[in-house]
Structure formats: C-alpha cells, structure tokens
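Here's the structure we're looking at; comments come further down.
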Amino acid sequence: MTQADAPHSLPLDGTPAAGPSSRSTLVITAHAGDFVWRAGGAIALAASRGEKVTVACLTFGERGESAKAWREGRKLDEIKALRRDEAERAAATLGAEVRFFDAGDYPLVATAELTDRLVAVYRETQPDVVLTHPTEDPYNGDHPAAGAMALQARILAQAVGYPGEGEIIGAPPVFYFEPHQPEMSGFKPEVLLDITEVWETKREAMECLGAQRHLWDYYTDLAVRRGVQLRRNAGPNLGLAHTTMAEAYMRPYPQIAKELA
Amino acid sequence: MTQADAPHSLPLDGTPAAGPSSRSTLVITAHAGDFVWRAGGAIALAASRGEKVTVACLTFGERGESAKAWREGRKLDEIKALRRDEAERAAATLGAEVRFFDAGDYPLVATAELTDRLVAVYRETQPDVVLTHPTEDPYNGDHPAAGAMALQARILAQAVGYPGEGEIIGAPPVFYFEPHQPEMSGFKPEVLLDITEVWETKREAMECLGAQRHLWDYYTDLAVRRGVQLRRNAGPNLGLAHTTMAEAYMRPYPQIAKELA
Amino acid sequence: MTQADAPHSLPLDGTPAAGPSSRSTLVITAHAGDFVWRAGGAIALAASRGEKVTVACLTFGERGESAKAWREGRKLDEIKALRRDEAERAAATLGAEVRFFDAGDYPLVATAELTDRLVAVYRETQPDVVLTHPTEDPYNGDHPAAGAMALQARILAQAVGYPGEGEIIGAPPVFYFEPHQPEMSGFKPEVLLDITEVWETKREAMECLGAQRHLWDYYTDLAVRRGVQLRRNAGPNLGLAHTTMAEAYMRPYPQIAKELA
Amino acid sequence: MTQADAPHSLPLDGTPAAGPSSRSTLVITAHAGDFVWRAGGAIALAASRGEKVTVACLTFGERGESAKAWREGRKLDEIKALRRDEAERAAATLGAEVRFFDAGDYPLVATAELTDRLVAVYRETQPDVVLTHPTEDPYNGDHPAAGAMALQARILAQAVGYPGEGEIIGAPPVFYFEPHQPEMSGFKPEVLLDITEVWETKREAMECLGAQRHLWDYYTDLAVRRGVQLRRNAGPNLGLAHTTMAEAYMRPYPQIAKELA
Amino acid sequence: MTQADAPHSLPLDGTPAAGPSSRSTLVITAHAGDFVWRAGGAIALAASRGEKVTVACLTFGERGESAKAWREGRKLDEIKALRRDEAERAAATLGAEVRFFDAGDYPLVATAELTDRLVAVYRETQPDVVLTHPTEDPYNGDHPAAGAMALQARILAQAVGYPGEGEIIGAPPVFYFEPHQPEMSGFKPEVLLDITEVWETKREAMECLGAQRHLWDYYTDLAVRRGVQLRRNAGPNLGLAHTTMAEAYMRPYPQIAKELA
Amino acid sequence: MTQADAPHSLPLDGTPAAGPSSRSTLVITAHAGDFVWRAGGAIALAASRGEKVTVACLTFGERGESAKAWREGRKLDEIKALRRDEAERAAATLGAEVRFFDAGDYPLVATAELTDRLVAVYRETQPDVVLTHPTEDPYNGDHPAAGAMALQARILAQAVGYPGEGEIIGAPPVFYFEPHQPEMSGFKPEVLLDITEVWETKREAMECLGAQRHLWDYYTDLAVRRGVQLRRNAGPNLGLAHTTMAEAYMRPYPQIAKELA
C-alpha cells in the first residue's frame, strides 16, 4: 500500500489555490500529434488560465503515423525532424512545452527505464492534472503502452521509497482522452469539456500538423458532435446560432468534489 | 429523440448563476430513511449554501425497513406515522423539505401514475441536481424501482409534448447514491463528496431515525472509510489528526465541465 | 425451450433463395422518424434488390420527438397527422411500406396486447431480417421498450403453440440500429453496412422529415464517419476522392456463415 | 494513427475478387494441435474453395500439450519431431501449409523478435482473413500470448513506416477461435460457421494427432453442439436426420457488409 | 434496508444442522421440464440425503415447449395434462414434490399476485437452498421472468412486515441453473456439482419426458462435458475409465464459508 | 491444452482426505504485509486445523509500503531487515512459514525466472488451496504482477513437460484476497469466510506490523463490515451481541462441489 502523506499544495477540491501559476498539467502521449487532436482544447484552456502545461511525447510517431512522408521517400531522421518541428509549433500555439523522449514507435515498448524517466517528469512538474491515452485500443498498441506507463509512473512517483530527484507527488486526477474509434476501445464519455472559447486556437494548432491534413476536418467534426452531446447533457440549447465545441474524457479514478454539480 | 431547446437558467458548467436561492436539488428515494443514510451529507451541504432541497419519498418503508416496529406489534398506520415523523425531523435537521407519496413498499411497484406524479415534481422544482438510487440492487427491489422511475420521469419532464403543469426542465445531472452492498450492486465510486463540514448535521439527522439505531455507527464508519478513500485519491493526507468524512456517488450521465480538475 | 422444426424457406446461410421477391425485412421502431435516421440505408438497399420491407412504427413520436410542432401550438391530432404524412413519404422514398400502431409515446408502454400485434406482423411478413432498437438507451425509454417487444414477439412467433393467424416463423437474424448517443448506450459497431450506393435515396428520405430538419446534417455527418470507420476496418482506402457512407449495427444473436469473411 | 492507403486487392465486402487463388487465409496458433481442433473446419472450407491457407505455428506444444509422450519417457527433441510430423500430416489433410517457429512453449513468451517474424508472414501472405486465439484464457497462458502477437503484428504490417520485406497489408478481418473452456474465457459465439460439408476432412485431420486421441470425440461432440446452436439461430431445422456440424468464432473488429443477413 | 433478525435454524456455514430432514430445497422454474434437464442431479442428490425438495413449476410449458404435441393436433387442456403427468413422474423419480401454478406460458408474465404466491411457498417450505433460472436469456422470455419473481419473492419473504401466513425466512443461498445457450446468456459456471452418483436417476427422470425425447442425449452430453470441466478444475483425472457427470450453476450472492476449499 | 492426469491425493470435493497434515495452503503475495491484512484469518484458520501454510512473499515492500521508515531516514537494507522481522513474527503468530524472494518492489517486475521459482514452490508444497492478489488494481502495480505470476506458475507446475524438481500438481482452487479499494479494482465478494474464531490471532499478527500501525483499526473495521455482510447473506443474525468477523475472497475458477450449500 502506498502512503503519500507529505505536505503538498493541492487543495482537496482540485481548484486552483491562488494565482494561476500554481497549477500544472502533465500530458503523456505516444506520438507527436496525439496531444493536439485529442487534448488540444484542454491544453489551450489551461494555458489560457495562466497554468503550466508540459507534454511528454514518447515518440515522434515516425513509423506509425507518418505514412505520407514515407510514401514521399523521406528518411527516418528527416521524418523525425519534420514531426518534431510540427509538434513544437503546435505546442507553442496551444501554450504548452513539449518534450520528446524519442523512444521509438510502432511498436512503442514499455520499459522500466522509460517509466523511470516519466517518474522524474512527474516529480519535476508536480502535476495537478494528468492527461493520457486510455489503456485499451485495438487499433494501436502504442497508445495503451503509453497510457500504462503514465499510470505506473504516477504511482511510483508517489512513493517516498522510490529513488530519484525531486519531491514525491500527491495523487493527481487522471483523464483519458478519446481514442480514434471510441466504441471499439471501451471509451465512454464521462467528462465533456467545453472548449468553445479556445476552439480557434485548437484549430490553429491542428493546422500546424501538415503531415496529417486529412484529420483537420475530422477532428473539427468530432468537436462539433461532442459539443452537441454536451448540450444534450447539460440543459437546453441556448439558441441555434450557438455552436458548442467539446472534447470527451474518461476518469479512471473517482472525482473529488466539494459540491455535486 | 428528445428536444429540449427552450430558454432555461442552468448555465453550462452547472455552477450557480447568481444568488444561492437559484439552485434546486431533487432527491428521489424509495423509503423514509434512504435520504438520510445515503445522501444526508450532500443535502446538508446544499442547504448550507442556501439552496433548496426537495426529497420525494415514495414510501414510508413501512414494510421493508421497519422490522423492529413490527416485532413490537405496531400496526401499519402507526408504523407509517412513526416513519413519517422520524423522516420529517431528519429532513428539517438537514434543511430539506420532504414529501411522501405513500405508494406502498415491499414491493414498490413502478407505475405510469407514480411516474407522472414525479414528472410534476420535476417541473415544479426545476432541479439543477438529481439524487436517486442506482438501478441495480440484488438485495432490495424497491430501490431500483424508485431509481428507474426517477430516471424516466426526468426524461419525460424534458418533453414539451408531455402534458402537465409547469415548465419543461433541462437535463440536470444525476447522481446515484451508495447502496448497502456496493460491490454486489455494481456500484463504483465515481464522485467522492467531502462532507466533513456538515458531518455533525448528518449525524444528528441519523439520530432522528430511532427505528434503525443500529445503523448510526454503520454509516459513520462508512463515512470515515469513504473519507480515507477521498484522501487517497486527492493527494496527500493533511496530517493524521484530520478526519475527512465523505459520501460516494456514481454518475449515469457525463459530467459537463469548463475545466479538468 | 422453443422448438421450431417446421418447414420454412430460409436457407441456413441467410442468402436469398432464388428471386429477389422471396426476401422480407421487418423494421420495428418506436417513433415515426427512427427508421429513416437509423436504418434508411439498409432499407433502401433491400428495396433496391427488389426485396419487401415492412416498417412497424409503434407511435408517431407525437410527444417525444415533435417539440417544434408543440411550440408552434399544434394539437395532438394535427401532430400525429403531420408525422404520419412525413413518415409515409419517407417510407415511399426508401421503397418500404410503413404501418402505424398508434400506441402512444413518451412513454411507450410495453404490453402483452401490443406484443401480440407484433407477433401477427412477424407471421404475416415472415421476415428474413429484423431491424430494431437496442434494449439500452439512457436518454429515451421508448426505444428500449420497442426493442424489447420486438425481441419477445420474434420468439413468440416461432412457437407453434402460440395462438394466432399465419405460419410460425424461423429465427431470423436481428440487427440493432445505432442509438443517438452510442457510447452511453453500450452500442459497439459490430456490422458496418456500406450504403454508398443508396446514399442519395436516404438523404432524400431524411428531407421528407421537415419537423426535424436540424438532424439532416447530423445524420449525414454520422454516415461519413461510419464510412471512414468502414474503410479503416476493411482494407486500404480506394483513393481520397471516394467517400464511403455507412450505417452501424449490432447483432444480439450469432451470425450464421458458410464462409469466414 | 495508422494510415493504410495503398492500393490493394481486397474488395470492401470481403468476397473473393475473381478466381479462388486470389484469397489467402492466415492462421496463427500457439501449439501444434490448435489449428486442427479449433479451426480445422474453416481451413478445410477455404482450401476446398481453392484458397491458400498458411498456418503459423509458434511452438510444437512440446511441453504443454504432450503429456502422454513425456510419461512414455520421450526426450524433448523426439517430442518436437513427433508433434511436427503429426501437425504436418493434419495440415496436408486439410489443405494448408504449416510453418513452425519453434519459439518454445509453456511458457510462450511474447517478444519483439517473434512479432517481427509474424509481420513478415503477414506481408508475404497478404491474408484476406486471419484466425487466431482470443486474448483471454485463464487455463493457458500461451494462447493469449499467441493471440496478442498476432494482433500486434497485423497492425504493424499495415504501416508503411515499419521496416521489412514485402508490401504493407490492408486490415483483414480477424476471427478468434473457440478456447477449451469458453464460458471461463469470455468467449461468446458471434459467428457459427457451417462446416458440415468438410466434416469428414476435419475428422480425418484430427485423427492424425495420435498424441491427443482422447480429444477426437470431444471435438466431434463440440461440432455437433455448435451445429445444433447454428440451427436454432438460423431458422427451423430441416428434418431430424440432418446433422449440421459447426465451429464458433468471435470477431474483435466489426464486420464489413454490403447486405444485412 | 431489510432486517432479518428472527431466530432460524440455518447455521452460518449452510451445513445441515442435525438429521437430514431439517434441510429443504426450493426449485422455482418456468416450464414443466426445466427442473429435470437443468437441476435433476442437484434434486436427486438432495433427495438421496433425505432432504425435502419442492418444485414450484409456474407453467406447464404448454405453448412454448410442447411443439410436438401441437403438431399432433392436441388441444390446450390435453397438452397441459400430458405435461403435468410427465413432470409428476419425473419428480417422483427424482424424489421431489412438484406444484403447478398454471400461470400461462409464452409469455409468462410477472405479476404481484404470482410473486405473492411464491412468498407463501418460501415461508411454508423454509428453504435452505433455492434453485432457479438466471435472469438473462435472449432465447426465452419466460425463464428470466420466473427467475426475477423467484428472487423478488425471496426478499419479500424475509420481511416481517410483508403480510401472509408462516414464519419469515432467512437469506438462503441461490443457485442459477444452466440455460440452453450459456455463452449467449452471460452464464459462467461458478459451481460444478458432481452428480455422478445420481446420474442414473437423472437419466431415468429425463426419460419420463417423452414430449422432448430429442433432449435426452443432449443433456447427457452436457453432463459429460461439465464433468470433464469439473475434473480439469479439481485436480488430476482419476483414470480414463472414470466418467464424472456434472451440472453447472452460478451464484448471484456470495458463498458463506467456514473454510476455503 | 494442459493434461494433468497423474495420481494425486486431492479428493474431488476439496475436503481433507484423512489427517489434517495432508492439507497444504500456498499464499503468494507482493509485499511483506499483504498476507496479514488480507488473508490473516484464512491462514490462521487453516493452521488451527493443523494444516501447513506457506507464504511466498515476493518482496519486502521496502519501497512501496515503508513510507514511515524512509521518512525516518532508514537505509534500504535496514528497511528490508525491519520488514522481514515484522513479517516473520506475524507469520509465526498465524502459524505459517514465510519465504522471501527479495525480488524488488515498486515496481515488482514479472519475469520468467521469478515465475520458475514459484513453479518450484508449487511442486514442493503441493497446495490444496492457493491465495493471491487479484490481477487488477489501479492503485498498485505490484499486486497484479504478483497475482499474474502466481496464476501462470500454477499452470506451468501442472505440466509434466515443464522441467524442474518435484511432482506435478493438480489444479488447486485459487482465491483472490481483497484489494484496498475493492470497487475500483473490480472486486466482488464471492466467498465470505467466517474468521470469528481466529480473530484474536489475526489482530495479534497485525500488531506485529509496527511500520503500518495506522492500518490495524482499518482492517479491524473491514472485518466487522464483511462480518455484517456475511450475516446478511447467510440467514438471520444470531443476536446483536454476536459480532461475526469475516474476510472476502473471489474465485477465478469454478467451485467443485458435492452439494449445493
């Protein structure tokens, strides 16, 4: 049983303590594009509140999601550089810092070393919120591998007995972002996040990813559809002209609340 | 497909619009004691914020949860009066209004008429939050019957075409409270509500229920245990002296959020 | 245990025996619009092969899915007539016959009488394929009620001991069509039906439903998305210009096959 | 996200394009006997249509399913040779080619190297259909290990960025064959394949496996039982004299269809 | 919450208190044949220990499982008489008493009146063990209806406040017997009961059911197969000559034990 | 398919054959304290019947459950020695032998070598009963790792072809003990073991674990609560003065029974 009894700044209800700079979000993803398509809205929202967002990107998606570049005859290093550049521009647009682990994709293999590097990031960034892939995806083995390491590292980082630099962390809430084929991956929207106010920023970040241009409209449509679902679960629509844009998430751990709402 | 496009005062993020009096909570239960044991903390919290709480109590629990009174040789009407009196005092202690439907328990039978009466309560109280029993409980058939009618009435109350007094409602979030044997009823804590600040009030309300005195300590222990779980999911404990008390809930519908936390 | 040993024309592999007129499809739905939005493609495909399609429409959706008409101040009978007219035109467009049961919606209540009327339709139409609502939908109680009666009537219609006109039926395969919020309803696409060649017909049928104009584009987008999913599960895309349109279904009973494909 | 946009001969509905030789089936199994007991009918059917069937047999089952030989005092190499010989005769009977990977059983350990060898087989054989073990089996760890590698290799083989010989593949449908204790392994028959016409061939292939003679009747009985189930799900029985033999399969991915049947 | 605090003879570990006559088993089934095919072994075992077994048979199966008689042109009353006679002879063979409720099958409709009659049987027979249908069966609606009433009546019979003759009961363990298509009904064997020593009696009872002669061998094969599974879960086979016969059951409530075994 | 046909002393119903010394229990745990908190009652019961109990403790819990010692500035070796000492005293109190594998915790990594060492323990101790962690626990990765190795080694130890010392084993029943957050770990009590008569011994053993003093009362409360649940599932309470203490378990494999009770 883990004990995590050290003083820590996270209040029980998860709301920001005081100034915006006290909050930290950690996003752990398999490939270079994932944080943009799946969590760009959440990242932009946090950044817009002045919070710090760190993206730990385990691979460049150089083999598994760069088909266009391979068909154009690019070499591995070129493709990595291309994907890194795109991702960095997208992260800057959203207001996040991105770090590449270059662990190799397709397959991304879970190792103790890689997990240990993630523990270090947890302890350094002291996240109040963690976003990652769900641990089931029958269409892509890298996503569950990244998600599983993210969860394991979060637990290890809480243990005072686990060696390494930095302070141990508390137990920050985890949110799974939406996989490409949600119904086939056991994904059920448990949180619908209203991203309307940062939608233009997310679209701009998506457009940094030229290698996957065919996905721009796909994820725009998804945001519209999740927005419709948000309105149907939140109360009456506020007029037809209003289009709510949303992202869907799951919670593997219970929500801590001061009020039911 | 339901359409619920009328103007309504519920903001998208579920937070109170302005003054505390604009919020309304509706609790729908099978028996006279359920709202105290299972949701007394949530009710007291809402009341302490100045919000209105209405408890729709479908039966007095006169057959199914009044064993002591039957063994003492009381008659049906006496028992109903006794349970009503206890429940009214408990509700007053928590700060809620309780309404009895006297629909007959053990078994509580779901009917269109009873559901229709619930639709009227929804439209009258215009709830921002709904609390009820989960729809699975292998130890008590009345609880699922009450929960199922609560859910159906909530949908019907949204339809402009459904006849009856009052304005249609939006789609308020629903919270299932914890059944007596959670693991056997498919209950998984999805929200842990911190009720520490109203704990004394809940305990006082429980002590109004003299007919079930053996449950006072049982539900105190449960609140302690859910509090331990809350701390383990929320971050480090804030000192050993501090005892957090909590209640657990499930969400059958997705949470609507402006921020991941 | 049911026994269904009588001679019957359905071959084991479910393929049409000889001419197209030997095949029959039965669609059982709760509301007037359901067969268009959810199964219009499957209906049009069957009709285009010269097969007979019968839609058993249990209600007009007069209360639950006619919000616009109610807000315009229409009366119940007017609304029923309006929905009937729209549905008949949509059915004619698709090539199906529609029958109304006028059982009253919101709530649609499952009864033995209504089920018995469905048994008669099964025995009369001798379906080779049955389409209906899945039996879980937390947003609409009428859909599960219709689906449950469709399944029960199918079993009763197989029993030589169940009274009524007509020949007993075999055990035709059942397909559940997609609910409005699939992930929240336990819906997982098990069959992706390519409806590209009849897409224009489906769109035309949708446009017969003026009372729900806001859904035309919604279900067009859904068909595009299910088409993308079809291509990702079927093999490589056949060129970017090609847009596959699809509908998703579940099978509550096992598929019978002569070949794995 | 994987992209698989290259030209490929698989039509959308999964039916053979033209001549029988264009179709290819790949069977990936843990032990030497698995393909016979579990998929012998499907293999014989494909072969009888003139299609190519390749069996990738990861181990000889030398430790885990050769108890009789060990008790007779045979040595490891002898046992491997014995199992290879039996399996080759069975494969020849069914009309398939079998390849042995000799990866060592009990336990069969999933590795990147073994998965890579499977990628090569996928790209070489360009399967239209894949058969393998389900990924859950509480009685045998080798079966899930084989199934998991089969699924991962299928995804990797689709990526143009994954290195290796041969053309990338499309997304062929996958069928799980039946484990020994289906209810304990989460196995639910989703496809019942009529193997009546090749039953004699399957029985003959089973009889090549002298080391497991006690299973001959066991799997005959299973085929009878699955045949009874097929008839109960397909329509009326066609006379008592007729015995349908069947095999059961699950589909982890949705079926692609041109028609509901 | 139900309270069941009255004195009662059931010891905590469920073992017989003293003489064999103190134990009572109650079997609640939908149709006349169910108790023979599904629980004949358990009944014969209990009877062979001198215990009392009561079968509450809600219908004769006159419509749903008497196809042969209907095809021979029998009338409803004749068929009921035939099924009653067969069932009485089978019960006598097994050593049980059978009571017919004649509630009408296909469909068997759950009602408060029928449930109340079951409460009376519970209180009269004071069962130590209850056997009934599982509450899910996509092939037969009567079975779940019977199982659901059996469970509800068991709970009502525990309440001192529920009116009626007889003493309230404790909380006897419930066992679901095996449905005809277990994998399709969510049935997972949780208890494998060794019925070898009473197998001849069960076979003899099955042969009383002339109307369903084709099932004699079917259920013999099932007993063999469940016996094989028993041996694989219990330890090594005790020689090939030995054939263990078994029945499978599920437990909807936890087992109470004095020892793990 | 595994064959386990060798002679063996385990009778089919799992009861002790003759003298108490013929029974053996094997407990496989991740950390030094697990066997006490989670299975101390079952161990003490078995020991009190004169049976042999062996605890295979894969790690000392030196990193993951020794937070207090780390905060006091202890070194790794000191902490291991401390935990070993505590665990040995607790085991002696319960009447069990404990063996330490010192495999390193947080994370405990599953390896073929460690599994092989467990196979040797199985073959040496020839267990009639196995207790271990369930294979799901979102709060602790070491527990599932230990449970998975325990299950795999049990299967390997049954195979005559798996090399190593000692006789092969049968298929002893497995019991999962309760994780710290049962509802979050998919844990459902399937067996409630009455440990009242050895409760004082379990409490004494818990008090050997000074490093986790805060858990003494936590697990006392849990035993009370499981005892309440036991009484509610077993029949009427036997007077209010009587306090039943219990432990909860799950069974991943079916129970073998000679009688339903």
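A, B, C, D, E and F label the chains in the order they appear, each numbered from 1.
In the analysis below, contacts are C-beta pairs under 8 Å (C-beta built on N, C-alpha and C of every residue); 3 or more make two chains touch, one makes a residue touch a chain.
Chains and their UniProt names: A, B, C, D, E, F = PIG-L deacetylase family protein.
What you see is a predicted model; the values in this text were computed from it and never measured.
Novice: Chains touching subunit B and subunit C alike, please list them.
Specialist: Touching subunit B and subunit C alike, sorted by label: A, E.
Novice: Just curious, how far off is subunit E from subunit A if you go by their C-alpha centres, in Å?
Specialist: That gives a centre separation of 53 Å.
Novice: Roughly how far is subunit E from subunit F, going centre to centre by Cα mean, in whole Å?
Specialist: Each chain reduced to its C-alpha mean, subunit E and subunit F end up 35 Å apart.
Novice: Please report how many Å separate the Cα centroid of subunit B from that of subunit F, as a whole number.
Specialist: A distance of 39 Å separates the two centres.
Novice: Where does subunit A touch two or more other chains at once, residue-wise?
Specialist: 4-5, 139, 184, 189, 229, 232, 240, 253-254
Novice: Looking only at which chains touch which, which shape fits best: line, ring, star, complete or other?
Specialist: other
Novice: Taking all chains into account, which pairs touch?
Specialist: A-B, A-C, A-D, A-F, B-C, B-E, B-F, C-D, C-E, D-E, D-F, E-F
Novice: Mind pulling up the subunit A residues that touch subunit B in the complex?
Specialist: Checking each residue of subunit A against subunit B gives 4-8, 10, 12-15, 25, 42, 45-46, 49, 128-129, 131, 170-173, 175, 189-194, 229-238, 240, 244, 248-249, 251, 253-261.
Novice: State the interface residues of subunit A toward subunit D in the complex, per the touch definition above.
Specialist: 31, 33, 62-68, 70-71, 79, 106-107, 109, 138-141, 180, 184, 212, 215
Novice: With touch defined as at the start, can you tell me which subunit F residues reach subunit D in the complex?
Specialist: Listed in rising order, the residues of subunit F that touch subunit D are 1-5, 112, 115, 151-152, 155-156, 159-162, 252-254.
Novice: Taking the touch rule as given, give the residues of subunit F at its contact with subunit B in the complex, in rising order.
Specialist: 139, 181-184, 187-189, 214, 218, 221, 224-225, 228-229, 232, 240
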